[in-house]
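Heads up, the next two complexes both have subunit A, just with different partners, subunit B and then subunit C.
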Partner chain A sequence: MIASVFRAPSAIGAVCQFRFASVASPSHRNPFVVTPEAFVTTLSDEAEKNVAITKLEPTIFRATPRLDLLHRNIVWQENYRNLQLTKQLSRAEMPGGGKKPWPQKKTGRHHAGSIRSPHFKYGGFAHGVRGPRTWFYMLPDSIRLKGLCTALTIKHAQNDLVIADSFESLSSDDPLFLHNLADTRNWGYSVLFVDTGSDVATKLVDAVEHIPSFNAIPIYGLNCYSIMKYDTLVLTKAALDELQEKILSQFQRTDSLQKKYKYMDYKPVLLGEGQHEEDPVFPPYV
Partner chain B sequence: MSKHAVKSASERALQYVERTTRIKLQDLRDNPGARSSGRAVKNHHNSAGHTIGELQRSPKPPLGWIWGDWFRPWHRMFPGEASFNGDINLRREYTPLSLLELQRLIDLGWLPKDEPIDISTLCNTKLVRVNPQWRQFGIHLTDEGAEVFAAKVNIEVQWANQMTIAAIERAGGRIRTAYYDLDSLRAAVDPLAWFRDGNPIPPRKMPPHSLISYYADANNRGYLAPESEIATSEQRLSEILEYTRSVPAEQAEAWEAQTKQANQVFLGVKPGSLVSLADRKVFEPTHPALIEHYSPEEALADHLR
Partner chain C sequence: MSTFNSNFVLFLVLESVLLPSDSICITCQPFPGYIEPVSNVKAVIMSVPGMSLTVNTTTRLFQSAISAGTVVRGFHDNSQVPRIADDRMKRMFKPTDTGYYYRYHRNGVDPLPRLPDCKTPVAKPAYKVRKPWAPEQAYFGANDYIDLLGNGKVHPAQLQYHVPSWLRGFPGQHRANELIKLIHYRNLYKSKLQANAPHQWHQLCKRIKYLSQYHNYRKQDEMHEERDLGLWDQEPDYFYKDKSRRSYKDLV
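Presenting the complex of A and B:
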């Protein structure tokens, strides 16, 4: 029997919803599962004021803390965009240097075969950096998911995860107010505000602009590196729900989480990138 | 905080996380032994093996290597028997799908409620996989869960026994067994990939000689059997297993409209049609030679299988 048949396709973030008790999600049947909970606070006053309490998905916020997978995610984020465009020319690629500059013997000079040998002044590099090179690789989706869940689990377990009802509740656009608010509530030095979209509440944007260690991003910008870099993570309730739904839908998808990223799948896209810049007469302007 | 007396390994790990200082980027590292450096293999003037160190670090001979001969290792020294698995490349396989799994797929919403279920629908869920490359000829609906099956479906599979047929008909549904030759099956199991490659819809071939009797038999609900014989067979089965089988006329008409022709892979789409996903259009053949090729009067039989 296919065990995966017992998963439901619809990914609703709410923890307690399932249609058939006999096919409850694995976390409900598991007696060891602890459902994490978080307060929902307002940002209207400096003092902490909780308005609600929500249950969080254990698969996301109480996942096994795989620090090694999180490390792999951080390394991947740092390296996969690296591009090396330098090419150090070798002695064969340097101009000239085909002829033996002076005879082998009797000149009293050192033995030389070519003026572009590495020890010559305008010679080529012996073991130089060779040509365009990329460190691009894709981490399997399962590792990336686990990395995200580990990061979020760590933040919640260490009391560095704050759920705000909405960023509209911030009563003042004064950066000092936001700074004092963070200070009173014992948030860390660096705080990351995460909203659903790129249209963030004006007051928050104005306040955050003047505090270098505070930043606001939309949910599609959330990544393992940012979660671990910032001391405190502040999510809106809407952002939290969307995040849970997105991650759960990935866990529940039926196609493989071990997808190979093959060049052939992206080749037409990559080769067609500059198509709108092509002109029959003029070369592209860079 | 957990109140459980016995904690899982995750919870015990999280206890450390809760009590330690804030975990930062610099605290993240690989597990010990996760990465190892590659072994440097050097050929020391063709004299590797002079010392024990060289022997230990040198590349070892391949498995089964008998002194000197690189092309006849031990496991290839002995001839096989032609009669043992001699026909392995000619056998047909059917992916099993139990009625229990089918019920669960319907209950959890993986399959549409009122639309006909065929091999394309089942393979699109990606929970059921049929691979024509491995000579899998379709889906075998098994009777495990026949007692609890209660969904009214219009299903088309490639193999079903009497108990399965009875279970589906007892629940008020309709079952047909249909043959797909491997080329048509490739189109049916992954229609998206087939259309993206720009292939025309192939015509479904008739079953080979060994399978004609199965698919022409009304007792197996074969797609080649006449409807009247199937109706008789349905009544007989209901009498034997003591349930009532009565299909209202509207339902029968609806099912009639949902039935594929013998040479169709997808319902309502002529063989030989080109499907453009980008334009969201279906282009049917107009040239008489193409029409004759894709919809011949006398259907081709899949005799090579």
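Presenting the complex of A and C:
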């Protein structure tokens, strides 16, 4: 997990009276838009105890469920990291095979120019799988954001979104306690705890460590695949606010959301980061 | 919903058990005119003697051969189109009946037609044991949206630690084919190859030359979107009048 170097800065809207007024969409003034709401619960007891009600951002938690975009996101997540290292050598790369094995005519055998031709037993491959191959591509930001909003909408609509006031309120670090808590509150087999940064409350970490289907991630680790994989999503209030702020600021940013991924933009960074992996003398295999 | 007495219900249940249902495999060779029974009987089995039991029959029961239409075996290859096959016997004597039944308006999926009493098992890939909650699977997809949800300084292309550094973030096969990949590799490692691995350099040059010939002679303009890949700078060729530099000798 990436260290807390990438922790988000403290609340931008601290000065403003209205919570993140700079990025809040004007839908709170629109009478035709339903504002979704959610309870804020405490994790101190096994029984469900609701402390407050928050309003959620409708563009994120009550967006039109674009299942096609969600599908594209999940397919992208499954495929864009794939790497194939198989390489089938061609006839030129196989050892030997420079000489004509027998004369063209009069031998009765078929014409052969080289021992390593594809129709020979130990010959090379004509159109084989070639070298390290990737399936890397990037979806445009608009589609990725819409996929996230769809996944969050689904979770909220199906009552699988839980907002906790803070993970510090968890009273014991016993994994059995957390398991019983989840059982009482009907959270499901798998629960994903989302906190603001990678520094999570100790008790939660200790409890979650022993349950394989309960996991904790920071906000920047959230993704469509995980949201759909886990039965329940448990967000802290702070994490929820930060998530909404981030997604809204992305929707409202000045540069285009359709920006194409160009390798040229990242080439110096990527090659610079990979310099220490290279052998000083020999080039990598291709 | 219809009510029957207990004896009749038992009879129904037996019928539905004994008769071949829709999902049974078609290994048995039926005689021509054989009709598949449409028996989706959902029987609530409560054997309380003396009480009339209710049976919920959602679809029609077993049809008699006389009343229903015949299910025809199809797919006879009468096309006389020459099929590519290894040997002459396969070309000459094609199996005309592959044993396929057209299933119109039926539920379920048929297994593929098989020869009766065939000893060779169906080829299947080996069973993969999946562990959905092992750490690497539980956190699958984490940090894929880090450029949107993080502070914007990291891009998921930078997180591809398993990919060789020269291929990290490089568009995949569907956009950048092998020729482009090798040209990119050559741009990066030309000096190292020429100095320390001359044999690999020679093989690389041969492969690039072969691929460029292959594409230019055999393919239409596949790579007209090459400029959209964003791999290289689109600089004008200042020396187009210089006859000593030829375009077919691709100089790096």
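In this text, the second predicted complex is superposed on the first by the 229 of 286 C-alpha atoms of A that agree within 3 Å, B and C clash if a C-alpha of one lies under 4 Å from a C-alpha of the other, contacts with A are read in each partner's own complex, and residues count from 1 in each chain.
Please note the rule applied: contacts are C-beta pairs under 8 Å (C-beta built on N, C-alpha and C of every residue); 3 or more make two chains touch, one makes a residue touch a chain.
The structure presented is a predicted model; accordingly, all values stated were derived computationally and were not measured.
After overlaying the two complexes on the shared chain, residue contacts for A:Tyr263 are found with subunit C alone; subunit B is out of touch.
In the superposition on chain A, the chain among subunit B and subunit C reaching more residues of subunit A is C. By the document's definition of touching, of the two partners only subunit C reaches A:Leu222; subunit B does not. Using the contact criterion defined above for the overlaid structures, shared-chain residue A:Asp231 touches subunit B, although it does not reach subunit C. Applying the stated contact rule after C-alpha superposition, one finds that A:Asp160 touches subunit B and leaves subunit C untouched.
In the superposition on chain A, A:Ala63 makes contact with subunit B only, not with subunit C. Of the two partner chains, neither subunit B nor subunit C is touched by A:Ala38. By the touch criterion stated above, A:Arg130 is placed in contact with subunit C alone, subunit B being left untouched.
The contact surfaces that subunit B and subunit C form on subunit A in the two complexes overlap at residues 1-2, 6, 8-9, 225, 229.
Per the touch definition, subunit A reaches subunit C in the complex via residues 1-2, 6, 8-9, 77, 80-81, 83, 90, 92-93, 130-138, 141, 144-145, 148, 190, 212-213, 215, 217, 219-226, 229, 243, 246-247, 250, 260-267, 269-271, 273-275, 277-278, 281-286.
On the subunit C side of its complex with subunit A, the touching residues are 132-134, 138-146, 148-151, 153-158, 160, 162-175, 178, 181-182, 185, 188-189, 192-193, 196-197, 200, 203-204, 206-207, 210, 228-233.
Across the complex, subunit B meets subunit A through its residues 2, 4, 6-11, 13-14, 17-18, 20, 22-25, 27-31, 34, 98, 100-101, 104-105, 107-110, 125-128. On the subunit A side of its complex with subunit B, the touching residues are 1-2, 4-10, 19-20, 23, 30-34, 62-65, 67-68, 70-72, 74, 153-154, 157-158, 160, 188, 225, 228-229, 231, 254-255.
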